[in-house]
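Order of writing sets the chain letters: A, B, C and D. Residues in each chain are counted from 1.
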């Protein structure tokens, strides 16, 4: 895998590579070169299989990490391309014409992270959620518990006690 | 005069691209909702069909009926607390989630798993595959009106659930493979009882062979139907039995062996036709293979040793920043977990890559146009998709 | 149960437009006629449910209840995980048919709705419709932790926590998920309740119809069906 | 396509018509597998209510509910499980610290009342309470560690000839390993007299944040060096980890924090009082843990504090009662330095009653705190106990510390089985080793080893150092030379076997087996059976005026004596224990502070 990264390095701006396992590598890429890189990897290097496309929300750094995981089945190598995009007005480039199945992933990212993929088929339609009015739920700043408590009703009558405080009170009732 | 040729006189205009010009206002089309509750669908999912006569001209999938927000819920649970919920991602074959998650955590936390635990994990995965294929066999037969197969297969699956129960302590959600190993070793006399189940299964599978695969109706309705061009496999992310039915002899168990698959001897079944028939027969042969694998595992595995490493205190277990992807061959294709950690006690992100995700949506939408309404169910079931793992 | 962050502000502003296919419009039929259609009015009966009165004679009512108890027809709508444990009941090993329990493909033929586990909001909408389409007398059984108090999805943004806020539930079965044996025990218990004439869920639904509707609408943001879709 | 075979073959399915049906006759209540994870059971006698199950439950299904009649060392809570939440993952069973929580293989529970699905296993009676089968943890608990890391300590040969500190303290790796075992239940916090935030500072160790750790320590205890070494660690006796495996080494972890923060850094973290001086003056009698803690708190509240100490150096029993090999003096000095940095004035060598009287203090100061400790040894009062050669342990220890000459004979007997007995025995052993090259100490204790008073480590280490410990032996007489040059001097100690110590009412009435008599030939007998306060310094008038409680000054819950200007605390009031004294110090300081602030308010 190191060979491949070294081979590509002169022509592409590849950042920080992580050699996680013998068959799994992650490498940072830039948005401008993503498309060309994916095409080269698919057509020349045998990475013909798009394993997954997903996002990681690094809210502290104001970034979304898009992970394009592609797989070379012959060589049994998996390569994860990490693309960092701005978290505000997040937008990615659609790759549904390279892998049609990417359209589904992009729909999900659009709905769950609010990342726009202009040009991707049906990308703005409702996908998994229905009648969703709040912020995209997979974003880190969406608090699912608070949302759930404000939206749905919980069964009442539950209360709990802190062992520390209860025991202290039991042993030293006066304080 | 009775004719086999459909009457297409009422059909709408065909556009320059050779497809029907779909305009609902013409009234020549009918929208037909297939699901979310439909016996031909394993789980809740719907396909919005646009039909013309009994021919489907367009199909859109709608998912999300089972969406629970797992990937969000996992982010607010500690690493051990994620363990009970991962199995719920996929109902019929939950163990794969447990394995993938456990393996991902072990890799990032640098935990070694005892040898025997790896054997038991493999055993559990194969037992889960057995169950899943049993459902698939019943499903494909049921979708084509052959209900008795479903009855038999559910019975045999239930016998396997009994074995699951005595090994893991639960029937469906076993919650047995936790990071660091498995919960317990084999119970006393397990092998003998398992052998009994396998023999029963084989007996019933012989019947399936006679009733389903040597059946004029089944052949007529499946051969040549639902053909997937093997050229599309890469672009649509087709893996597992669906790809093996089209001549692609790829199987994660064989190509990049995980757990103890490198110590088992097996040949991956492959078919060439890439139609519903081929997919069914590949599954059938894979099921036979699974039975063989379970026997091999039970014969070869070490017994009575350690099955669990000692974990750090799980109540404040932190894993350094990193990311990994763990994959395995589930009954439906490549199943994977993408785990990102950020050094805290909670996963940063868990992404479940279920094979149904690619099979049940883009691929299905591509395959549906041109089929008969009656074949849609068979087509779906032949792709062997489980909606809960799509929407998570 | 630990205390939780209450600072989160939920977005409640967004209004949902009616889906395109639900809007009234003009349609040309194949034979050239132009007709007006209003899907909401045309496709559904909009009459609110009525309380199902008891028979005047206790003996007759007892007979009815006996008959109802012995023919539980379940709608084959697996809303969540628990559905997978209903399958064994339909097959020879557990064979629920001998107890007069069977599964039907359409709500019109069913009198028992089993909510098999969690209900996402999207499915809740369908479950309400399925329930309302079932003929009276009808019963609801909640299956597993999720229907009682949210279960393991207690903090999920997409599943309801208390089923009885949205549908009248006659019986709950504990478990995650309950085994087929527990399900059978539950159905037997339901039979007893029906025979005693205490399974009044559907009447409760009719009596508190507005309350149920308000609860349903509070979670289903894109309510685009008539209030009663029978 | 399709041969005749394809048409006929499916009909073979009909053969099942004549097969035996596979239907289970009566499926309802069919027994589940032996390991089945069904409904919960809880052995409430074993359960300590630590709440680990609640912490690990990812479904928030478990609440801790108070129950009647809790036992000692438990929080008085028991888990209540909500079956509207539970997912039967059994993590609560796996994490359970005592192994009390298990699962039966019962699985049927139907009810039309949705609120019914909550119960406290073991308390609310359930049909499955007595089920034998079901899920229980295989082996020991696996979700948190069982054993302490080994701590490096001096070998017996290396330590017996000197007073060097024995234990080395944890390394960073060891401390993190040990800190990791904590489940943060907080039972220790309640038990610790000073209510130290133990789980919090243990968490600080895990995070490697020693500054934070120090800050937490100083919030409740200014004697971390001392308590990190010699605390009686009552916290460890209730630690949830002790039921399967060893309790968390809380004491050593405390020491680990303080070991990793230099004295200068400590002063920076603790800082100096951040409030304006109140102009109120407080006198503290006795520079022991209680007095200095009170002084520390009061100084930080802005009061001017003066501590009067009879000995040459501050520290009280911490310096003069605890041998150096357990508590090096420089460690104590570091603790006291922080207290002094708060502006506390310590007048050493000032004995109340001789150098200054309490009346003077009453007149010169706005409040006086009496923490005089227990500096007089009790005597067994057996025949011969007043002979030359009979010493009080507490006095000997003080003299060793002060560097005074102490007689070191070849053979010594120690009467007593507590920690003081061990201290003096081991100190004498060291002196003997230095002088003669060999150890000759015999400890005779009333209690047998099963009920021994001294800490286990102390006993083990004493054995390692060659000290002979005889359990269940009651002193009958100190034999003296009847004639000769050493007439009247100690010749030996005669003891009987103890058969029982307390009577049925629990009163102290030792019974002996007179047939089992031993005479230990020794030249010195040390009595280490307890201490008492030197109350002579109070003066007759005050002694008369104060209320007393069984020989100790009576105080209210705040440490206030019956005299409005006088507070009392520490060993003299509550018996010997450093951490109790610290807790007392805090309590008194709080009470004094309230009184002084009220006074300052009134004066304005």
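Following the convention adopted for this analysis, contacts are C-beta pairs under 8 Å (C-beta built on N, C-alpha and C of every residue); 3 or more make two chains touch, one makes a residue touch a chain.
Fair warning: this is a prediction, and the values are worked out from it, not measured in the lab.
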Between A-C and B-D, the pair with more C-beta contacts: B-D
Which one chain sits nearest the middle, judging by mean Cα positions? A
Centroid comparison with chain A (C-alpha atoms), farthest chain: D
Just the number, please: Cα centre separation of chain B and chain D in whole Å. 57
Just curious, how far off is chain C from chain A if you go by their C-alpha centres, in Å? 35
CA centroid of chain A to CA centroid of chain D, Å: 50
Separation of the C-alpha centres, chain C versus chain D, in whole Å, is 59
Send over the residues of chain C in touch with two or more other chains. 1-2, 92-94, 122, 148-150, 152, 154-159, 162, 176, 179
Can you list every residue of chain B that touches 2 or more other chains, as numbers and ranges? 64, 67, 69, 72-73, 76, 84-85, 155, 173
Chain D: which residues touch two or more other chains? 22, 32, 54, 58, 62-63, 82, 84, 87-88, 114
Taking the touch rule as given, give the residues of chain A at its contact with chain C in the complex, in rising order. 129-135, 137, 142-155, 158-160
Residue numbers on chain A that touch chain D, as the complex places them: 155, 157-168, 170-172, 174-175
Along chain B, where are the residues that touch chain A in the complex? 63-64, 67, 69, 71-73, 75-76, 107, 234-237, 239, 250, 255-256, 322-325, 327, 334, 336, 338, 340, 348-349, 351, 353, 357-358, 361-363, 366, 391
Chain C residues touching chain B in their complex are 21, 27-30, 75-81, 83-85, 87-88, 90-94, 105, 118, 120, 122-123, 126, 130, 152-153, 155-159, 176-177, 179
Under the stated contact criterion, what part of chain A meets chain B in this complex? 18, 20-21, 23-24, 26, 48-52, 54-57, 67, 69, 73, 76, 78, 80, 99-101, 103-104, 112, 126-130, 137-138, 140, 142, 144-145
